[in-house]
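Structure, as structure tokens:
In order of appearance the chains are A, B, C and D, and numbering begins at 1 in each one.
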Amino acid sequence: MSKLKVAFFDFACCEGCQLQVYNLEEEIIDLLELVEPVEWREAMSDQSDDYDVAIIEGSITRIEDEQRLKAIREKAQVLIALGACATTGGVNNLKNNFDMQDVKECVYGKDANMPHLDTYPTKAVNEVVKVDYMIPGCPINIKEFSYIVRCLALGKEPKIPDYAVCVECKMKENVCRFEYGEICLGPITRAGCDAKCPSSGMWCFGCRGFVDNPNVNAAKDVMAEYGKTHDDLRGKMLLFGSKQEFE
Amino acid sequence: MCKCDSNKDIYLPLPATLGKVQPMTNLESFFSCQLDSGKELGHMPGQFVEVSIPGIGEAPISVSSSPTRKGSFEMVIRKVGNVSQSLHGLNAGDKIFIRGPFGTSFPVDDAMKGKDIIFVCGGIGIVPVRSAIQYVLDNRDDYGRVIILFGAKTPSDRLFVEELEKWREDKNVTLLETVDHRDESWSGPEGVITTLLPLVKIDKDNTVVVICGPPIMYKFVIINLLEAKLKEDQIYLSLERNMKCGVGKCGHCQINNIYVCQDGPVFKFSDIKDIEEAL
Amino acid sequence: MTVKKLEKAAFDKWVSACITSQRVFGVQAKEDRFVFAPLANAADLRLDYDVTILPPKKYFQPPRETLLKFDRNEGFESVFDNQPFVLFGVHPYDMVAISQTDKLFSQEHCDTHYVNRREKATIVACDVQNASKDVFAGCMGTATVNDGFDILITKIDNDYLVDIRSEKGQALAETIKDAEDADDISLKLRKLVWADNAELLQKHKLNVRPDVLPKLLGRSYEHPVWKEKSERCYSCGSCNLVCPTCYCFDVRDDVEWNLQKGERYRVWDGCLLAEFAVVAGKHNFRANRADRYRHRYYRKGKYVPEKIGEVACVGCGRCITACTANIANPVEVYNKLVDEGK
Amino acid sequence: MTKKFNISVNHVTRVEGHGNIRLRASDGKVEHVEWQVPEAPRFFEAMVRGRSFEDIQTIVSRICGICSVTHSLAAIKGIEDAMGIKVSKQTDKLRILCHYGEQVESHSLHVGYLVAPDLLGQKSVIPLIESHPDVVKTVIRLHRLGNIWMEIIGGRMTHPITLKPGGFTAIPSEQKLLELKKAMEDAIPDVKILIEVLLSLVDKFPAFDRDTEYIALNHPDYYTFYHGDIASTDTDEKVPVHEFERVANEYVVPQSTAKWCKWHRDSYAVGALARFNQNAEKLMPMAAETAKQFGLTKGACNPYLNNVAQVVECVQVVEHGLQLIDELLTTGLKPEPVKVEPRAGEGVGCVEAPRGILFHRYEFDEKGLCTKANICIPTGQNHANIQKDFEALAPQIIDRPQDEIRLLLEMLVRSYDPCISCSTHFLDVEFV
């Protein structure tokens, strides 16, 4: 069987999702039996235009990124959006709560209008090009990444969960964050992370994006019972950027 | 707590080998298959098996051939997802894995005996019903009139084309066909399957009807049959649901209180008419 | 068989002896709640617990359980877990739930993966010492239990009554054979505990006898409560997952990196989850939240009872606690049906 | 060799983030050499405005996947400073321990995956798997140690979960700490192998000394990554972290989306070598011995030796980490629920990232919402120094083959372990 030719590309992000691939440790060697990385700037010096699968990390925040991404899409048979920044915009979405000029001035002061500092509101990859598979999470769950790579190598359609983090949280037998009077986004957030945060005593802040049909109205309705307001909920939901879901 | 053999495993699929593999339409292919143990599958018409491809998954598939035809059994599979897709990539001689047969069957040996039989099949619904048709034809003297109604979306969606021609020529069988949308290759009737029913003279006291097709077909066919004064216990139908285990444990195929995998897939209409989620 | 009476120290000594000779899981504290977990010290065992987050079903049907291993060329092979273990501290309502699941898994097609584990288990049940905030076992007739377990422990003042009921129980109680038999007073006191518990474990009051539920539900299919409540349902499945009588599962395959070998496993699933009844072509047979929400109450109160003759809600109250939307309380829902049926 | 040539490297590989090299030469003379940072700016300081102090750690952790613990800790220290929160000894120790895990993870990734291919003549770690499987496996084991280390204490390998203002949302069990201790002890032979390998390769580093200013945290008592004041090799003055702007002096240059820094000279360097030059005499015995093996002494100013200093630090944190675990196990671990009452204030958090000193400054209103932030990142502080190194190095090597020039320049960039993606966001600068 010939190996899948894979290229990694990064846009605005922390590169933590690529780092997860390193975090496969010994399994990297197994991974390399299935795929042949032809471009992976963070790991190797080669560059290539000949790939089957393009893995895109990061959000799109500039016109030039958009052009680069479109060129990648043209060459790739399969395009995967890797991580929260690529699948939903991730934390980069927080920028969109402000006016862009204000954002630039806040960081670069009087130099804000230098051309190389230009920026526009954050876009997820699928707002620019067609995405074949999404691997959500901030960072990605490396087990899910591995599973998806193996599915592609097997010719099988990978399936990511469309149920809430609560499912995995319950399987871990965690004490529910609501019992501590905290707002946890678990009931509306897409599972697949093994409920990492609640398992470490922290509420879920929705880094994997929401399930296909999140009951946001229910969430609003329930807040008062925990002594919280809609604004508290809204703040949480905005963290990993899904304004539209709240309204 | 249970007397069964603790090494027996209801989830263990057994090896089988594909015989013939043949595309039938854009979406459906035909597969014949033999258990590697050399044993017969031992099913009755209407039952299904769970077909496995290791690493890909498992899917419930009806047995489409009659147990009267020995040696191998036949399936028709529509390409819709992982297992079905990968089955389509297999060839004669390849291995697949089988559990079953499971579920209930058409009452070919009791309620149907001696009766006129009307088979009403919509689209891929002909797949499980074909097993019963073959069974009835192989024991032709045990039954009254045999009437087959078949409706496909378009002429190119017709399944078992050669067999349909054989039935059409068989003096002992009445075959009526229709398509929802005609094209130049089709000179027969156009219209939904219920348009065929008035063409059949139904002996209301001496008929059993077997129905299988897409969910919305059932309602209309049944209304027509009841109007023709057929009783609810003369109608049998085969239902489909999401199914993971095939043996009444996983809960997915539950329709209110019944399990399609165990109480079905073949049901007597009178048994499920009051079950809200059934039709 | 026999009922022994042990002082606290002797009891702890026995538990310690069990731990050294067997694989023991017992109830322990986790933050402010309790869980069944591997027991390392007798001192960690908390028989005064109110309720565990998950029921003991996790030992008979683990959240993720390998059923088969396969080699893509050679086919499948069953994987069974046959290691014996002891479960310490199962409350009566959970014991009733285990006995129900026993029936369902062994009925007709027997699930040997479940049955093998179950048969290897020695269950030490224990009467409730502290009622949890949402328990209503008293209304369901499950505040006490008569069978299914191997040993039943009841705390009377500072002593423990150890009621040995099976050979497995006998074997586990080997190390305490020289303890004295329980006296009549203790046995009488135990009856009082049982009577009290039947009363105390009613933090919510069901206004109908449980055996009437199937009939009640029989006429409530179109009741407005389903839609009303389910508007706040997240479809998060928590109520399914924490339920001792829920056992639905999904089956999945995964391969190793070599794409050759792999395993088929099952994971807990729940009828409240959106995708539970989806078939090819994305048709969802229970697309509405209300349909899914209703199904759970019907399954507990009607469908399972029709199958095995017992109501499949044992009143542990876990779903009430687990539901962050506060809509999963069976007592509240069933009472509504009673009230509005009048 | 041609008389005129250009070297242009777009997006230097095997570094985190995007950086370009430009060199123009004519008649054996360097006409122009430039280090550029075209990374998309991300504007974290703008984004955190209006967010609750509870969320800051979660957000700024996402500045960088490789030093997410460091960013989390800097933010948390800044918040605690602003709100006057004191943490327990246990919290302090656990944080330092978690931070050490990141040093091991990051240093082993850098030396093993990114730099080793240069020294062993390969284009990446991938062919190294074939050519030097034992080296790769050793590196993988060390990298994994760093990861399980962070996971046991921080709850996750990348983007820690448990670190919060005031303390921890969850602490490791004693059993988990024992597991970690065992893993650390088991890793010592691997560290030794790595030392051996690097010892056999040090002569591959160019002999290029350029005296510069080295800036790092300094603590009178120990080799610090977490506590202490800002210190420079150019002065005896110890600057409280509160006054970091006085040290960093950020400015914007046209070739970079990241801001550049300078203090006493045109540029300064931060990172493992800077820490070593600042704190070497306080290394623990095994680490000191390691430095000796390499002949690394205080005052070293060959930037390529940063990689050697990283290996020394791996030894240091394992050694000190073991000591911390023993102390924690002796006192016993207690859950310490944290409840922080927000208040208005302003504070600075400073810690040493694997690649150098990192500053976060925040202002909060009385509800605990962030009103202003300034983040000054190690790689940003190194950019100017990289440029100065280029200017000094290029003429020295200009008569070598172009491929070699290119490689040496790239290796120079890599030796700084630049984390370019996180260096592109700063705020509130004194423009010079």
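What we mean here is this: a residue touches a chain if its C-beta (ideal position, glycine included) is under 8 Å from a C-beta of that chain, and two chains touch if they have at least 3 such contacts.
Predicted model only: the values in this text are computed from it and were never measured.
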| item | value |
| --- | --- |
| Pair of chains whose C-beta contact count is the highest in the structure | A-D |
| Distance-maximising chain from chain A - centres being C-alpha averages | B |
| Centre-most chain [mean C-alpha coordinates] | A |
| Centre-to-centre distance between chain D and chain B (centres being mean Cα positions), rounded to whole Å | 66 |
| Separation of mean Cα positions, chain B and chain A [Å, integer] | 44 |
| Centroid distance [mean C-alpha coordinates] between chain D and chain C, Å | 51 |
| Chain A and chain C: spacing of chain centres that average the CA atoms, whole Å | 37 |
| Where chain A touches two or more other chains at once, by residue number | 154 |
| Of all residues in chain C, the ones touching two or more other chains | 31, 254-255, 259 |
| Touching two or more other chains - residue numbers and ranges from chain B | 55-56, 81 |
| Chain-level touch network, classified as line, ring, star, complete or other | other |
| Set of all touching chain pairs, with the criterion as stated earlier | A-B, A-C, A-D, B-C |
| Residues of chain B touching chain C in the complex | 1-2, 4-15, 52, 54-58, 78, 80-81, 84, 95, 97, 215, 240-242, 244-245, 247-252, 254-257, 262, 276-277 |
| Touching residues (chain side chain A, partner chain C) in the complex | 27, 30-31, 33-34, 146-147, 150, 153-154, 162-164, 166-167, 170-171, 173-176, 178-179, 184, 186-188, 211-215, 217-219, 221-222, 225 |
| Touch list for chain C against partner chain A, complex | 30-33, 35, 53-54, 58, 63-64, 231-238, 241-242, 254-255, 257-259, 268, 270, 273-275, 289, 321-322, 324-326 |
| Residue numbers on chain D that touch chain A, as the complex places them | 11, 13-18, 38, 40-43, 45-52, 55, 58-59, 62-66, 68, 109, 113-114, 117, 123-126, 129, 137, 140-141, 143-144, 147, 155-159, 161-162, 164, 168-170, 252, 254, 256-257, 259, 421-422, 425-429, 431 |
| Touching residues (chain side chain A, partner chain D) in the complex | 10-20, 22-23, 25-26, 28-29, 32, 37, 40-47, 58, 61-62, 65, 90-92, 94-95, 97-98, 102-104, 106-111, 114, 116-117, 119, 138-139, 196-197, 199-202, 205, 235, 239 |
